[in-house]
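Chain IDs A, B, C and D follow the sequence of writing; residue 1 opens each chain.
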């Protein structure tokens, strides 16, 4: 199985990118392929229908859509901005939704979130589900949250809390098992 | 009273910009000032904390924040993208939330939506409330929705349905009355 | 496959009960079993932890949980009350969530809504997803909405709009196919 | 000013009832009147339109509506059940929404939540806003959350964390000041 992973944050030292790397290792150690994208390499402009009418869908949108089309499952780790989905990630979804046929439709998605706040991005995650579900994505009911994430990672970018590491490993494993049942 | 209005869509011929113009006329005919902004003239980049750390808050973000600081009330008309807030508008909020002290905090906001769809952006509006409320904005409970908006405006950019015109006029009037009570 | 169906409304002549019956016929005509429950026959009291501490889980909650445990998939048709899930349906979920082990966890669910309003319960449906997803239910991304439902059914309790009948038939069929792949 | 307070939980020893009592004392010490209701004394049946058609609005619904009509502002403390509003509280709203003219429309509301969970009911609070806003209630943007609430109160039913006590006092005070400006 080929799992595509990316973070909803552009920052180089993003806590969510660290979470993506941990998840990717769990995927690989269970014998599957993990493909990591960095949104920074997909410089989508802010969505503007005039721009789409004049220039069409950009190459970077098409390239990201191809990655999604090739993936058997998706994992996205996203921060919470102002109690909701980051504009960056929403803008990415808005462009992806313009590609026909819609490569993301019917895909399985697992959502993760790392946030320095006490609540750990739980409101953001529930808001992030909605546009994906509106596009026909099967968003896995259980999600994974790291609160106080600015002090949650050790020097090797692993979660200090071993119970949380186990929880993420189990969730990734359960998600992959669920996805594999579909792909028979 | 000075009411600041803008649309969450960048498109030149945006249905939501038409709605903003109708609302601005109702504001002016009731003796108040309407200031219309076009997000296209505020070219915010996609939010990236690295960029903020290196370059700080951009001039266009500061300029928009000053407009908000000077406003007694806000009206935003926004389309719905994929069942939720447009990435463009959310990205705008994400940048505005970085300005200190937060000029949008405590402001009154009325939300409008025009959408070609049958449901007229109702899901998008409810999602749009949340980041504003998370920032301490008083979002007016009643909102205004134009469904099938691609065929809802006449050649003079007024709503063909006179009942809807009346409904918007009443809502704008009730909102301004509510705001004026606060500003005593 | 055994599909359990019920309506989130108690009313005898409920529009959502009519929708349930149409869906059940599509299930049966595709060779599967449809089991219809009526919430009126499961008189759950309003959830009160004191009551649970004193008397435990009631027989009617246990009986409904057994039905869910035996189901391969669920379909719920629900009205929208005040922009959200009906208290009746939420109270039902609150009681079901107290049964251990949780029979509803991991089940597949398709949501439908009939509503006299123009918006047809779309806000209610998106709110109804959340408690189910919080309990680990896989809520199918596509949902089915009948707006202006008070004039949408004919004398034989079928949808007058044949396109909507086809849409529901296709959705039920796609949902059952999806479940059949997941429930190995 | 007369502030009406109640908890969305029926339990006698409810953590949210304790929160209501703390808030009521802050109201009274600032020279205003606090009226506390207990939902247990307003035994609303589960909403059923057949019942309403046959028997009309019950006396307990009318009595609660009268209390709301007499209030200058509302405070509700509610637990989170399954990531959302408790069925008990939603059912209460569903009945209140049937009273004409709607006494709750246009009222100011402050939401509080105490929950034993780590996240302290934040998802529930955001879901609880919606039906109130759909009914025209001005829900104050800032809300107050006590997480791990089972160990948050001392023997005198005060919050052990003095910073949280201060935070609640400030919020109650800011809310009342806001209401006093709006209720001219």
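Assume contacts are C-beta pairs under 8 Å (C-beta built on N, C-alpha and C of every residue); 3 or more make two chains touch, one makes a residue touch a chain.
Keep in mind that what you see is a predicted model, and the values were worked out from it rather than measured.
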From the options A-C, C-D or B-C, the pair that copies B-D, where over half of the contact pairs coincide: A-C
Chain pair, A-B or A-D, that carries the greater number of C-beta contacts: A-B
Centroid spacing, where centroids are CA-atom means, of subunit A and subunit B in whole angstrom: 29
Subunit A and subunit D: spacing of chain centres that average the CA atoms, whole Å: 36
Shared interface positions of subunit B, touching two or more other chains: 83, 123, 126, 130, 133-135
Residues of subunit A touching subunit D in the complex: 83, 118-120, 122-123, 126, 147
Complex interface listing, subunit D residues touching subunit B: 126, 129-130, 132-142, 178, 181-182, 184
Subunit A contact footprint on subunit B (complex, rising order): 9-13, 40, 44, 46-51, 81-94, 97, 123, 127, 130-131, 133-135
